[in-house]
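Following are the structures in question.
Consider the two complexes below, in which chain A is the common component and chain B and chain C are the respective partners.
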Partner chain A sequence: MNAGIRWWLPYACFAIAALAVPLLLSGNRYFAFVAGMTLISVLWATGMNLLYGYTGLMPMVFAGIAGISAYLTVGLVAAGWSFWPAMLVGSVVAALVGTVLGLPSLRLRGFYFTLCSLVIQTVITLAFVYFVNLTNGDTGISQIAPPKLPGGEALGGLAYDVVLAVLAVIGVVVLAVLVDSSFGRRLIAIREDEGLAEALGIDVTRQKLAAFFISSLFAGVGGAFYAPYVGFISPRSFDVLVSLNIWLMVAFGGRGTIWGPVLGATLLAPVPFLLQDYYTIKDVVYGLLIIGVIVLLPAGLVGGLKHLRPRPAPAAAAKAEPAQ
Partner chain B sequence: MSDATLILLLSTVTTGVMLGVIFSLVAVGVTIIYGSIWMPNAANGQFFLLAALFAWSASVSWGVHPALAALLVIGASVPLSYALEIALIRRFYDVPNRNISYFVLSLGITQILSGIFSITYGVWSDQFRIPPIVPGVTLLGPLPIANNRLVAMAAAALLLALLFALLRFHRYGRALRAVFQNRESAALRGVDVRAVYRMSFILGNAVVFAGGVLFACAYSFDLTMGWTMAVTAFAIMIIGGPGSVLGALVVGMVFGFTQALVSIFASPTIAAFSYLGAMLVILLIRPSGLFAR
Partner chain C sequence: MSLLEARQVSVRFGGLVALRNIDMCQNANETLGMIGPNGSGKTTFVNVVTGHVKPASGAVDFDGVPLARCRPFEIAGAGLSRTYQAVRVFRELTGRENIATALVNAACPLDADAVVEATEWLRLTHRLDARAGSLTLYEQRRLELLMRLVQRPKLLMLDEPVGGLSSVEVRSMIAVLNELKARCTIFIIEHTMKVIRELADRVIVLLAGEKIADGPPGDILADRRVIENYLGSVDA
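The block that comes next holds the complex of A and B.
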């Protein structure tokens, strides 16, 4: 098979699957909603993967950034804006905030950076609770109107699911293209050995901040579309546990692979919805999975599968990587 | 007027000391574990809450005397920590950069415990209060203060003093401090480093449990206390310097007084903002903390 097709085939299959699932489930609104939430999680996990999987940084502030975008978008729409420009502004502001919050990664390593980002996440959650006139505090904002299409029609139901599917596909393809580019290789060099990367002439500061910008843009777009899709946001929608759960999707599926986080999000995001009445057990299940990943599967499901297969020679491995 | 001022002053001081000794206890427990095995135990808040809830169950549901319940709970922490050490903690003793693995691991434990608490205790009640160890009230000048709180305060202070004596004079404490400073040379001098790791994990958790029990004896509490305590203990540890027991003690007392002042004159959210802000500043400017050697 021709190399170009081999590169594109998995993404085409994923696009077909992502679009087909909402169509197939459109008969049951609840399952279609679960599918939509899963697609948002795929987008989030893919964005987190750029930082955690490819740059080797582990921020715990992802949900907070998504929340900033969600609150900003909802606020602008309430102020009379149309959804689409509001969504763009919300996402870009979230991406800029995310870039600024990435600055500590230039000084702090490993655990200290993660702790720092966890503190910032806590501050953001507290701010969502505290600035009641902007965010309506702990009560949250409910009955968020769905976005309006240019024709004046409200985006809802199946059409909204399709938009989310398209976003998830774009996210995955953008990540794949980035990772395949020289930018992606520079990020991987930083992940493997920051000092060496710097000695080779890589501008570590700029690459890291670019990674934070792009990753936070994923968070922001996801957050902006999350708010009207669920119709309700509160500080709890974007707290530290949500950040931890997005991390878990990436780590469980397999960090540093394109399909690992997609798989992780697909397997884990529906869990709380399928448990329904036993919804609170979700925390226990996720917690056990976190421990399981750390102890048994440090490379995640996809990484673990790779180990089972006989490894190709190193030179061939570099070529074979994108096709997977 | 002057009487009212005096009451305000006295109540600030007593609340400050009370919270300060509790904060110090928990932070010392956390820092002992971090200093020896490099485990930033984010689950300390849930352990604290677990101890408080066990004490509540023992004293309210089973009718055990609260003082005995407190001892039972602290004793129960030893087998629990030992089991945890065998099952999870010791696997990572030789891993470089293990602090990040431990951190995520403890976040997982946090999520499991908080999930379990909200399914069980969260359904039963939303405020928990343990019957007093000693009934009655003492008048401290014009300020009435519950004997119960005085007993809890004295017990916490005594525990801190014992802990200091243990670390300074006992041979286990000396081995622990040797490992804090340099584990390779400690091993060369014949210290069994793995035994010290295990001991410090058990000791650190027992101290956190003791903090939880004593807090529960003095104040009523709810399930959100776990996260608050975890964040506070981390802030104290980072500001004081990870691994510095003296730092944990001093900063813990400062935090106790800050909390007492702020909760009288402003909202608890402001207190949380100020802790987290101080922690961020220290992390960015001097990550080794104020009391690092």
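The block that comes next holds the complex of A and C.
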């Protein structure tokens, strides 16, 4: 009972914070919008964390998958669908596409898979540009109508922010539950040593594809809610730089921890908005952060803090290592 | 009926014949050893049986079921477990997490009390919360055994279980493995005769991918072909 409360407490605090921020910022629409974008980033970073942090795969195609869901949702709404079923279809289709695009990970290891996914991301971006009658090409789709609530009222302002906060909280809790489950244990085993995982009876193919499906579902839901929230999508909204940004949030905060990517998204997502007047140095800041993370914090902020906490010194560690 | 049976197994890597027409069988509760110099095909044989290498020809049956189309995780799930020549544990995870990972994938795992008992038997109880990579080599070897044991394998294939251990540890490991026989059937690869002589009921000798002898350790030691090709040149 007590342990149950202790397990839930951080998530309850996060839920309160996620809901409180849009409320507190509701006086200033711009800051509230930045908070909303940050919440979408939290959802995305949490989804990528399942693959990058827990399964050990670094997919650079994450934004492209979010884009597939965004374009599909917007297209279905334009075709007369209600937003909610369109969002579901868009997200599930994106998740299926993400699962198929995960197939190369069954053969390609580590960096080679990342390179492959980078190419796929580029192809998706080109497809968004190329299929003009579906995506309106480089011009993008603007004036996307906000979702309609069952009452017929448009979802907007504070209410939309609250929906995004709820999604971010659900995303984080879902990840936490998955990671604590036997599924999470199998993913971690695959991350640590794929061959050994298989020798212990883990169906590596199935677990990886399941991870791709769930992670892409996060991307898809985020993409579907992103489009009407911003009101505008274009191939640029889901290009390789966006994938890289989401990766940076996960890596900067601490991959393979629940709270690292949440922290990373909270710190990094607002940066482009707050630095809007300094457009030229924005990219420099990002570049420096990437280098800083790789050199100084290979395990990210939260991962780095974990290592600072002293581990209980094992008594037998003093014993000499056996001669090899 | 034998627990493990291989018929006419051949493996080629490009032009190199790694195994040529190997026939063997192992009965339940019989400890079978496999010896041979480096490169004689011992590990390749284990790789074939556990599904990591597809043989060019031949068939392997485990517990009466053909393994030809099975993937490694299915073979492990069927109760045929293996260890590796270079010790292999999840180094970044604690001992406890390593064991938990083995447990979630077992078809019929040991119950909690039996896991505690096996952990104590392998003298790992006080080391469970340490990162597996920080354990000594001998502790990692025992953790590796424990991870297999909690899955209750029908057959455990050990690839050089004393590799890299000091002579004191080798003696201790031999004692552990002798007790392990009561818990599951063991197939053991070694390239020194010492370990095999103390553990195995029967020994198969490989040389350059071919089986040159198969019998009780005493007979094998007296076999002239084995002495000429192997024992005479290495150590006995």
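What to note about this one:
Rule of thumb we're sticking to: the second predicted complex is superposed on the first by the 309 of 324 C-alpha atoms of A that agree within 3 Å, B and C clash if a C-alpha of one lies under 4 Å from a C-alpha of the other, contacts with A are read in each partner's own complex, and residues count from 1 in each chain.
Keep this in mind: a residue touches a chain if its C-beta (ideal position, glycine included) is under 8 Å from a C-beta of that chain, and two chains touch if they have at least 3 such contacts.
Quick caveat: nothing in here was measured; it's all calculated off a predicted structure.
When the two complexes are overlaid on their common chain A, residue A:290 makes contact with chain B while staying clear of chain C.
When the two structures are aligned on the shared chain, A:231 is found in touch with neither chain B nor chain C. Looking at the shared chain after the overlay, A:119 reaches chain B, while chain C stays out of its contact range.
In the superposition on chain A, contact of A:85 is made with neither chain B nor chain C.
In the superposition on chain A, A:110 contacts chain B only, with no contact to chain C.
For chain A in complex with chain B, the residues that touch the partner chain are 58, 104, 107-108, 110-112, 114-116, 119-120, 122-123, 126, 129-130, 241, 244, 247, 280-284, 286-291, 294-295.
Looking at the complex, you find that chain B touches chain A at residues 40, 88, 91, 97, 99-101, 103-105, 107-116, 118-119, 231, 234-235, 238, 269, 272-273, 276-277, 279-280, 283-284, 287. Looking at the complex, you find that chain C touches chain A at residues 50, 71-73, 76-77, 81-82, 84, 88-93, 97, 100-102, 104-107, 126-127, 129-131, 134, 136-138, 147, 151, 164-166, 169. Considering their complex, residues 182, 185-186, 188-189, 192-193, 195-204, 311-312, 314-317, 319, 321-324 of chain A touch chain C.
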